[in-house]
Each structure stands twice: as C-alpha cells, then as structure tokens.
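Each of the next two complexes has chain A plus one more chain, namely chain B in the first and chain C in the second.
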Partner chain A sequence: MNPLPKRKPNWRPYLWLLPSILLISVFVIFPILIVFRLSFSEISKAGVVGGFIGFQNYIDAVNLPAFPTVMMNTFWWVLSVVGLSTLLGFIIALVLNQKFRGRKIARSILIFPWATSLVIQASVWNYIIKYEYGNLNSVLLNLGIIKEAINWRSSYQIEFVWECAVGIFVTIPFVAFCVLSGLQSIDESLYESATVDGAGFWDKLFNITVPLVRPALSVSTVLNIIYVFNSFPIVYTMTKGAPANKTDTMITYLYMLSFYDRKKGPANALSVIGFLILCLCAGIYMISVMRKEEAL
Partner chain B sequence: MKKIAAFVLSLSLALGLAAAPAPAAEAGDITLDVIICQYGPNTNDWFLGTGMNGTNFVDKFEAENPGIKLNLDVVSWNDVYTEVDTRIANHNAPDILNIDVFANYANEGLLLPVSDYCPEELFADYFPSFIDQSVIDDTVWAVPDLASARALFYNVDIFEEVGVEVPTTWAELRDVSQAIVDYYEGEVYPWGIDMTTDEGQAAFAYYTWGNGGGFVDENGEWAVNSPENAEAIQFALDLVADGYTNPNPATQTRYDLQDMFAAGKLAMVIAPNQLPTYVADKGGEINMATANIPANEGKASSSVGVMDRVMAFRDDEAPDQAARNEAIGKFLTFFYNPENYVGWVSMEGFLPAVNSAVEALVEADPSFEAWLDVLGGCQFYPTAKAEWDQVKQGVIKAEQSALAGGDIQAELDALQAEITK
Partner chain C sequence: MRKISSVPAAAQSEKLPEIRIPLLLFFTGLLISCILMSLPLYRFQAAVYTKKSSNTFVGDEKYVEVLAEVEEEAQRFRDQGMDVKIQETVTERVNSKGETTSLITFTINQEYEKNVWSFLTSKLASSLIAKIMAACMLLSVLCLAAGCAGSLQIPLRKLSAGKKTLRSLSALFLLADLILVPVFILCNNVIFWRRLRLFQDGQLENGREAFFAALDDFLFDGKMGSQIESALKSLSAHHSALLWVLALCFFLAMLGAVQLRFGTVKNTLLRGLLYAFIAVVCVITLYPYYVMLVTAFRSNAETLDMYFLHLLPTRWLWSNLKDIVSRGVPRYLMNSFLIAGGATLLAMLCGIPAAFAMARMNFRGKKFFLGFVIVSQMFSPVVLLIGIAQLMNTLHLNDTLWGLVFINAAFNQAFAVWLLRGTFVAISPEMEQAAKIDGCSTMQSLIRILLPMAAPGIVTTLIFVFINAWNEYTISTVLISTAQNRPITVGITQFSSFNMIEWQYLFAASLLATIPVVILFMMIEKHLTSGLTSGGVKG
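Our next item is the complex of A and B:
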C-alpha cells in the first residue's frame, strides 16, 4: 500500500490574501482597537489622551440627559427604515420581475436614489419640504390641493418621521435589487407546476417565492441593519439632531458629543456600545437564519 | 510569473496608500504646517491658487522668505475642529492654526505665548480690545485675524409699505411685527431667529445683552441662568410662538434667514456686515438699511462682535526653537502686511484686526467706516473662559429644548449647575 503523498504546504492563498488583510488591518481593525483603548482613557477637550480611567466614560455616556431619547430614536430609526424599506423593496422587486414594456428603464430609474450621495438626497428633501419655497408646497398649491402652504416640519416628531421617510426612500433600491436577483434565480417551472396544481397568487408567493428569496433577503437585512444604524448623512443634513438632540440617532449624537460638546471620552464609549449592539444584532440574526436554512 | 508580478504590484499599491511620499524640503529649511479656515469661495484660491493677483499667498511668501516652506491647508469650518482635534490626538498639531476658539488649547499647554513669536511692531498694530479677548492669566495666546460685527438689517420697502418705523425697543418690535403680519397676512415674516447648532449662541447674545444679562456677570463669572437671561430668551420664544418669526428656528440657520431676506420674505434680520454682498450674490435687489439691535426698555443695545484668531502650537521636538519662532513671526508679518492683508479682508468682506489696514480699506469702501464704529462698541463672546465650548452648546440646547416646550429657566439652571460644578 502506497502511503499518501506528502502535500507541500501551500502558502499561496495566504500570500494572495495578504494585501486585503493588510488593508483591513490598517483601515478597520486598527481604528477599532484605538477606539476601544480611547473609551477607557481620559481625553481632554482639546483631544489630548490621558491615562486609563476604567469604565468612567461609559458611566458618563449612559448618564447623559439625552441618552435615553437618542437610544429610542436609534431603535425606531433602524426598525422603521429597515422594516419598511424591506417590505416596499420586496413589493417593487416583485413588480419589476414581471414582464412589461419599459421594464429596463424602470429598473434603471430605481437605482437612482441609491446611486446618489446621501448628503445630496437629504439636501434635496430639505428643499422639497421647505415651508417657504419648498417644491412640495408649490406643487400642492398650484394643483389647488391645498389653499395655504403647510409647515411640513412643524414639530420635531414630524421632522424625525421625515428623516425616517428619506432613509426608507434611499434604502428601497438596495433591497429591491437584492430581492430581484433572488427572484431571477427561481426556476419558472416551479410556478408553472404550482399553477397546474391550482395554486393561487398568495400560495405561490408564500410557498415558492418567499422561501426561495430568503437567502437574498437575509443578506440585505443584515447589511441594512449595519448601514442604517451607522447612517450619518441624512439626520445630520436634515436636522443636526435639533432641537436639543431630540432627532439624533446614536451615530450623529456621538459625533455632536465629540466635536461640538467636546466630550470625547463618552463619545468613544458610545462608539464602542454601538459597535457591540451591531455585533449582537448581526450575530443573532445570522444564527437564526442559519438555523432555519439548516432546518429546510 | 505573471501571478507573482500581479501580487507584487497589488502589495506595493496597498503599501503605497499608507506611505505617500512627503514633499521634498531642502536641508536647513523650516517647514511650517498651517491650517487656514475657509471663509468663503475665494479663500482657497487666494492662499493656494491664483487669487492673489495671479499668484498665491504660499508662493509669494516662500519667494520672499527663503528657507521657510509652508505646508498650508485650507479647511472648511465644518471640518476644522475634527481635523485639529485628530491631529492633536496624533501628536501632529499644526504649527500655525487659524480658528475661532483658543482657551482649551492654551489651558492644556499646547500653545506658544504670542510674545514668543510676534514682532513688537506688529503686536502694537492690533486693536487692543481684540487682543484683550485672547488673554488668559495675563498671557496673550492668540492674535485676531479678522472680525465681523452684527447689526439689524431691515427691508426699507416693506417698512415704507406698512408705514412703520424701525423698532428700537422690544415693545416696539412686537408692535411693528404685528403690523407687518397684519399687512402681509403672514406672507412676510417680520423677524428672523436662528437657534440652530450653527449660531444659537448668537441669538442668546442678542437678547440677553439687550436685557442687561449675558453669559457672565460683572465679575466675569458664569451667570447663564440669571433672571434677565431667562426673561430675554422667553421674549424671543414668545416672538416665535406668536408667529412673528420664521417657523422653525431650531433648524433654520442664519443663511436660511439671509436667503429669505434676499427674497423679500423676511423684513428684519440680525446679520454681519457682509449681508449686502451676500444678498447681491443671491441676485436679490433689496433696499436695505441697518439699525441697532432692539433692546428691552431702559436697557442699552449692544452689537455682537465675532472675531477669529491665529495661534501657534508648541513643538518641543523642533530642533531650533528660536528659528521656528522667527519663521512664525515672519508668517504673521507677511500676512498682516497691508499689501496682502487689505486684499484678504476685503475679498471676503470682513473687518480688519490691525490699524494699518484701516486707511486703505476705508479708501476702497467708505461704508467700512460706519462698521468700524460698530465694531468699537461690540461685545464679544467670553471665548477666553475654559468652559466656553460647553456654554455655547449648552445655551443652544436650552433654547432648543424651550422651543420644543421646555421651561427656559429650568434649562438654564441645569446648564449653570453643570458648568459651575
């Protein structure tokens, strides 16, 4: 019996991975480690890093008066933007998967909100809903739908709803394209045989479409939770968290805390808290999805 | 072989990103890292492009001062605090910084005293009242680079149309506002208020200084929660609640107000001396005039002066401290030379900080003279106090909380307790 030939250690894959590993280390892992270190350090108003102070920054951060409001805002922001953009993106993907004239154009138009910079999007929406000479009021007044201009930003609660609405608007294309790619990989014959067996639209939707696009939907949801949680430009451009942090989410708040209020220690601590929350959310979601996929 | 070549190429690209070569400087040269704030669309061109009669500040300076190189960045006001803080945290502070605040840097021992680098002749040229704003513990830590003053601008046509006079007191302001609201049935806002994170502290100053209050008491101690202050801010909040102002003061910045003023949609706005230029740039043709900011009955009106600074950071590792200080001094001397400085100040429509520039500026634009008088009577923010950042953000939050329904006295009490604990 011939012994198995001894395999030469193959170093090539590691060598090919090295540039990526280097880049990720320099631009991702290293900054994360620095933020962890800073969150346990005393930091002066001018940014000079002092000694180790244990969990003091974390205690200061959670005791800030705006902390509960900001956490609730972040929760509603992520839930509404991810939840509604997933639902609406799914519906749009179903529509775009049908055969109709101008489908290619419709798909191209859909990508616009996603391809445009978020700062530009948010600024444009700021103009649209402006009370004094906003496009929305102009259009409605010209069509005779309203008699007087409406203040679309009359309270901070409404402003926050607008921020969420813009968040949903810019996120829908991403979900729609993820789902669309999933839909296109479903074999047409499945629907044909289901039709022959007498299945209706809803039967086909819940028993064929949804289970088969679930992997695509899982990926888009996890990525969306991370993107939306970390999204800075919409809230910052539209309200800068005003009035008094009442429309801030965690990311905009920690920026304001660091560079406006100059509380850099607590801002670093909040950064770490946000990172851990995201790791937890993404972890739970991935585990639950993997279990379901194994069970299938 | 191709694979190895591709690998080497990608690796070198990756490493290249992290190690871009520094610009070459000859041995013996002193290189000064300078950060300048972007005041307007021309700043970058003036310092680095061709905006200085076909050349730029850096080239001209280096030609006239051999042996000194400038590594100069023009940074927007939105980014400059982030940029400076990050550089300080990385032990890479600039040599020369142009910004508004200085107290934190001075208190933490990061700055050089002005006397270490500023030539005596130049130092004597600054307006003394400006220098006083940059003193902590009898040491001057920064010099003023320019200033602007605020006044009340009003739309003369609207006032003539409605048949009212410019208000000088708060009571008159309410009467005039009501008359404008009645006449235009809400189409024109009488009064503009900006309580945003951009400039909410200016609103605090306009009203509290017009009511005998302010950020500090007569001894220079923090007194943000004085009854005069609470009364003053409540007066402003009532103007909002009664529909005399722009509807969303927490998110409508001074620039939004200036746009409304330029469009004839706002009758009165407190703005800096550059407003006429701003309105003209926007294509507005507004017949405007200036007046004192209205104050409460029996209280003096006070204008708000805003001043920015230039400061030098310590660099204990610099091999030749004396040569470095001398280079910084040469930079300042060159910057404030009327030949350069007058062009710089007038380009962006600011007011000068040195006497030697006044004559040339008034000659070029006689309206400067009136503004120089306004500047003489201005009050400034207490930026020399270490807690200023906290107070600035604190009063904005207090105003915004009160706009959202909170009690202004309680908000100010909480702020006072926080800054004096």
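Our next item is the complex of A and C:
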C-alpha cells in the first residue's frame, strides 16, 4: 500500500501504459518508418527493395503527369468538403440546439450518415445519380418535376463535384455534433442577460455563440481536414479516379500507383508528402488542444 | 353566467384582439382558392383527325384544297357537338437538289377543359386528393366558425381551451390543404403522363381496363367506349401555373387562422420555418437509405429501369436476401463481427490501463504520452497503406483477420485512451482511495469500483471503436485477398464488377451491414455529444 507514489522511483505507471504503447508503436509508428525508408530506396516493379537512391523517388513523383491535377483536386476536395460541411453543420447544430418537439428523433436521423460505412454511402449515391436508371432521375420524373432524364454526370468535372457533395453529406453530422456539444455547454443566462440588454438575434450569434463555440469548431475543423484528406472510399467507389486520374485525390492516386501501376517508389514518396502535410495539421491541432488543456 | 358578464369589463381593460385583418385574410384566401378551383385550370388535347399534305406551301392551290377538306371534316365533328380546333404545322426541308419542299400537317384537335371540382367526381386516383382538399377547406371554415362563435371580442388569453383548439385545427386543416396542392399536381402528372404511356406501351397490364374506363368517363363522358385507346393515343395534359397560386391562397388563409389563434403571426411562422428546415434536412439525410431499402427488394430488371412506376418496389422480392445468403454474405458479416469485436476488445484491454494511469497516476513523460497518443490519432491508416502492407507481410499477418484486428485496434487506440481518460477524470477518486485503505490492490479497485462507475463512458467508447472497425474499408481491401476472409465492406464490392452491377444484391447486403451499426450509434448519440469535443473523434 502506497498512498504517495511520488516518493519512490516509480516504474508502475509505465507498466500500465505498456500495452497501449506497444500496440501503437508496432502498428502505427512502425509503418511510418517503413514508408520513410522505402521512399528513399529503389524498388523494382516486383516490389524488391534495393539500395538508397536519395530523392529520386520524390523527383519521379513530382514529375508524374497526373501530379498537378491530383494535387489541385486534393486541395479543392479538402477545401470544399471541410468548408461547406463546417458551414452547413454549424447551421444545423444551431437549429438542433433549439427546443422543439421531435428533437431526439431529428438528432438520431441526422447521425445516420456518420454511422454508415463510407463505401456503402458512396455506392448508394453512385446509383442515385446514374443517368440511365438512377433513382434521382426516376423520382423526379415520377413526381413530374422534370420532363426528361438529366445526365447528372455528363463530365468528369461534374462527377468530381458530386464526389465533393457526397463528402459534404457524410461529414456534416460530425461537425454538427461537435458544434452541438459546444453549444450545450454555453450558459443559458448569457443569452438571457443579452436579451435584457436589447441584443438581437445576430448580435447574440456573433458575440456569444460564435466565440464560445470556437474551440469546438476549431478542433472539429482540424480533425476534419485530416479525415477528409485521408478519405478514400468515396472517390474510389464513384469514379476510381477516371478518366485518366482526372478525379483522383492524393490518397486514391497513391493507391492506384502502388497497387495497380506498381510504381511503389513514387507512391511511397507521395505517402511521405501526404504524411508531412498531415503533420502540419497535427501540429496545429496539438497546439489548439494544449491551449484548451491549459484553459481548463 | 358570471363569466359572460365579466367579459365586457375585461375587454375594456385589455387590448382587444385584432380581428378584421385575420378574418379578411382567411376569407379572401378561401374565396380566391374557391374561384381558382372553378377555373378551367386543366387543359387536355387529343387529336381526332390528321391529314398530311406534301409539296404544299402555305397559300398555294393545293393548300386551299386540303384546308377546305379539313374544314369539312372539322364541321362534321362540330355537328356531333364536339369542340374542335384545327392546327397546322409546316415542316420545310431542302432536298438534295437544293429545292425547298414543305409538308403541312393538319390536325383536328379536340380540347377539354376541366376545373379542380370536376376531379372530385371522377374515378381517377387524384379524386381522393381533391376530396380531401375540399373536406379540409370545409372543416377549416367550420372549425374557425365554431372557434370564433361568440368569442371574437374576447382577449386571446381568456379564450377557453376548446376554442383555442378549434382555431388551431382550422389552421392545421389549411396547412394540410397547402401540402396537398403539390401532391395533387404530382398525382395528376403521374396519371396523365407516366401511367397512360405505360399502359399504352403494354408495359403494365394490371388495372388497365379500369384505368381507361375512368379516363373515358372523365374526359369523354363515357362516349368513347371501345375507341378510348385510340382516342388517348395523342392525349396531352397541361395545367395552368395558376394552380400553384392555390397553394399561396391556402397559405394566406392559414396566416389568418394563425393570427386568430395566437394574436401574432411572426413567432408561429418562425416555428413553422424551423420545422420545415428540420423536415428538409431529415428527408435529404434519409433519401439514400430509402434508395438502399427499396432497391434491395427490387428485381434486377427494375433496378435498371428508370421508368418504373412506383416509388416503392412493385413486388417486394425477399428472395434477394436469400440469394445474397448463398453468396457468402453471412460469412462476411461474421468476419466483420470478429474483426470489429476483436479490435474493440484489444483496444479496450490496452486502452483502459493506459487511461487509468493517465487519470490516476503522476509520472514523468505523462504529457509526452498524451502527445504520442494524439499524434497517432492524426494518421488514418490510408496514408500509410504501403507501410502497413509491408509490415503485415513481415509479420505473416497478411490476408488474416488478426491483421485487421491489430490495425483497427491500433488506429482506434488514441481515441479510446482519450475518451476513457476523460471519463475516469470526471469520476472522483475518493471511492478508490477508501477501497485501498480497506486493503484493495490497485487492480481490484479498478475492476470493482472504477469500471462499474465509468460504465456509460466505457460503453460509448466500446461502441464507437466497434463501429469504426466495422465500417473500415480501405485497409481491408489491401490486406485481404481470400474471399473467405473478407469483411462485409469489402464483400459487398463483389456485386459490382466492371460491366455489371447487381444493385439489388449490393444494397441488400449494404442494408444488413448498416442496420446494426446505425442502431448502435443511435444508442450512444447522447453520450457522444458530451464526449466529443474533449475526445475529438470521427469515424
């Protein structure tokens, strides 16, 4: 029995941490190291790892014909999905925070897309927007809203927009629930006293709600950037990057490079580039979390 | 009696409710809607006679000749008491020699105009909607009359509950009318366009006779008889845009009723807007699930046919479920369950001690471990795909369920530790300290005291990790190559090959994969909201 464990040199806490550290080290840290090593090695098409070749893989990766398109796509993908889902999620959270009948049901329904596997969501939307037999055309025709079937995916740009839309659709619940948890911690009396002082709806929104929800919003935004950047099933299921990598994002392109085109070297280099971009986001996230910890 | 006598006194002291404007709104709205419904808003056109004349130019000899012929024909129709119009279309073409030729088509069209009331007595499907609409209007007036009778001068707060309910009902009936207007339009679209075409193309047989008889009755007073099919060949239906104004009229009347009930319209409208917004969001959210559900029970032909008639399957094919069972879906579900269950167990076994140490012990490097955990959370396995594949090769875990168990546990470890720590910190350590004084070891106090108290947080974490592992797709596609070992997310892709996708099987399997996790997620939704910003997680 030792009520004051600080006095002895204490190794016990580390023992408690050990399984967790082991698990993360082997299955998260180790692959990171492998990817780093491979990105500087020569790899044959069959996957045989050769010697150190410096930055050759990186040069190859940047010189791939699809590289600029893929990077632009990734940029637009992250920007549009994160931006719009944050905006819409914020609005929906504001509405869900009101008291109304059926709020529980509405919240349960809203969480559906979050609970569903992305590959399933993407498959369903893939079916919905088919030209020849898609359900969207069918419903609109049946309801008499349109007179002729519309080709919802007439060009790859439009297909990419659809992919972004599905991305936004599945991301909204996450943002909405993050913001909601922030909203629920706001003290009601703040609004009451603001009302007494004669503040209008917009005053309250921008001077009370937004500043107080900002921590929750920043955490959800940074996490979202990371998750959306890493999102694979939507693009892969809906277009597989076709035509000619024009709708690929970095992650799907990486997958294609590595497992279809057998260009493991450049693929690893791309992995590291993606990893570094994520590190940047992780750093921002860490700082914001640490600040929050200090504030508590 | 006393109550009644006290009314004038109260009315004097309190502001009287404004009644002129709402009553005006209510009755003008309804009056205009009645007028609109009596107007011939639906126009039908059917060609009864067609004459084509080639090499004819407007105004030349042949034209005059043919026109006279057509006029004569039209006169014969008019003699029969039909209202016909002659329509001519000119088609000009330049032939190979460079000469212009022209073809004039004369059609004798019969036009029918119908108002909304005439749908009431028809045998068409939309007559039911028309009937409900009329009934709602009538009920609304009756409710308002009953709700206002003898109480128009009473301040709203003093109204009896019964009168308030009656006035609310009046507004609700008008809301129903408002919603029924588009339904009516849509129903007629389906009847006069989709259904008619499908019956004529022979794509649908059931109820064909009854449908044509109803149309004959409605359009031709039953005079067409056996000729009805040819008479309907060229039928076209148009409705005037004024029909939509009907909805506006109902809305105005509803505003009147709302104001009579609440005294002010603004709050009620905002409330209505709130519900409308929620309804739209919910409908959009549920739409893909609706598609998944109905497509899962359609026949293959129906999934590939845009012109199926109903929003629901014509026949619910439960055999689809039987078919996917024989194609390995139970096995995939079992694999998913094993992977997700194993990953959850492992994540908890490693995560609970770590979270306990973080919450209850002081040691050097605590902050470092926290950082380590958060950083590991930053990386989805996808960006490390190649490294993971390589690692699994080395460990001989490639193409095994164990490999996926480890990966899912490791990548959810951060979240598990983070959320569990939050739960543990929120529980006061006093009970454990008391137990220790009574001679419990740290392990015993953890198992016997802390864990039961932290049960809600633990269950939330458990379910969340389970769902993440269940829904994981990317790593599984890379690591699993044997069909036997596929989890359900990968298993469903076997129904979509390059040239053919069996949508009904794809969605039937998806449905089975989705239902359990959605239910689980709904269970933890409440706890998730509180743990979210501190944990910072997403699936």
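Here is the rule we use: the second predicted complex is superposed on the first by the 275 of 296 C-alpha atoms of A that agree within 3 Å, B and C clash if a C-alpha of one lies under 4 Å from a C-alpha of the other, contacts with A are read in each partner's own complex, and residues count from 1 in each chain.
Operating definition for what follows: a contact is a pair of C-beta atoms (placed from the backbone, for glycine too) under 8 Å apart; a residue touches a chain by one contact, two chains touch by 3 or more.
Just so it is clear, the structure is predicted and the values come from calculations on it, not from any experiment.
Of the two partners chain B and chain C, it is C that touches the larger number of chain A residues. When the two complexes are overlaid on their common chain A, residue A:P68 makes contact with neither chain B nor chain C. With both structures placed on the common chain, the touch criterion links A:V26 to chain B and to chain C. When the two complexes are overlaid on their common chain A, residue A:W16 makes contact with chain B and with chain C alike.
Using the contact criterion defined above for the overlaid structures, shared-chain residue A:M256 touches chain B, although it does not reach chain C. Contacts of A:K45 after superposition: chain B is touched, whereas chain C is not reached. In the superposition on chain A, no contact is made by A:P211 with either chain B or chain C. Of the two partner chains, chain B is the only one touched by A:S154; chain C is not. In the superposition on chain A, contact is made by A:S138 with chain C only, not with chain B. In the overlay built on the shared chain, the residue A:I109 is in contact with chain C alone; chain B does not reach it.
In the superposition on chain A, the residues of chain A touched by chain B in one structure and by chain C in the other are 16, 19, 22-23, 26, 132-133, 258-259, 264.
Residues of chain A that touch chain C in their complex: 1, 3, 5-6, 10, 12-14, 16-17, 19-24, 26-35, 38, 92, 95, 98, 100, 102, 106-121, 123-125, 127-128, 132-135, 137-139, 141-144, 149, 169, 174, 177-178, 180-182, 184, 215-216, 219-220, 223-224, 226-227, 230, 232-233, 251, 254-255, 258-259, 264, 267-268, 271, 274-275, 278-279, 281-282, 285-286, 289.
Here chain C touches chain A in the complex through residues 185-186, 189-190, 193-194, 271, 274-275, 277-278, 281-282, 284-289, 291-292, 295, 303-311, 346, 349-351, 353-354, 356-358, 361-363, 369, 371-376, 378-388, 390-391, 406-407, 409-411, 413-414, 417, 433, 436, 439, 467, 470-474, 478, 489, 492-493, 496, 503, 506-507, 510, 513-514, 517-518, 520-522, 525, 528-533, 536-539, going by the rule given at the top. Against chain A, in their complex, chain B makes its touches with residues 7, 10-11, 13-15, 17-18, 81-82, 84-86, 88-89, 104-105, 108, 110, 195-197, 246-248, 250-251, 260, 263, 265, 386, 389-390, 393, 396-398, 400-401, 403-404, 406.
Those residues of chain A lying in contact with chain B across their complex are 15-16, 18-19, 22-23, 26, 43-49, 131-133, 151, 153-156, 159, 238-246, 256, 258-262, 264.
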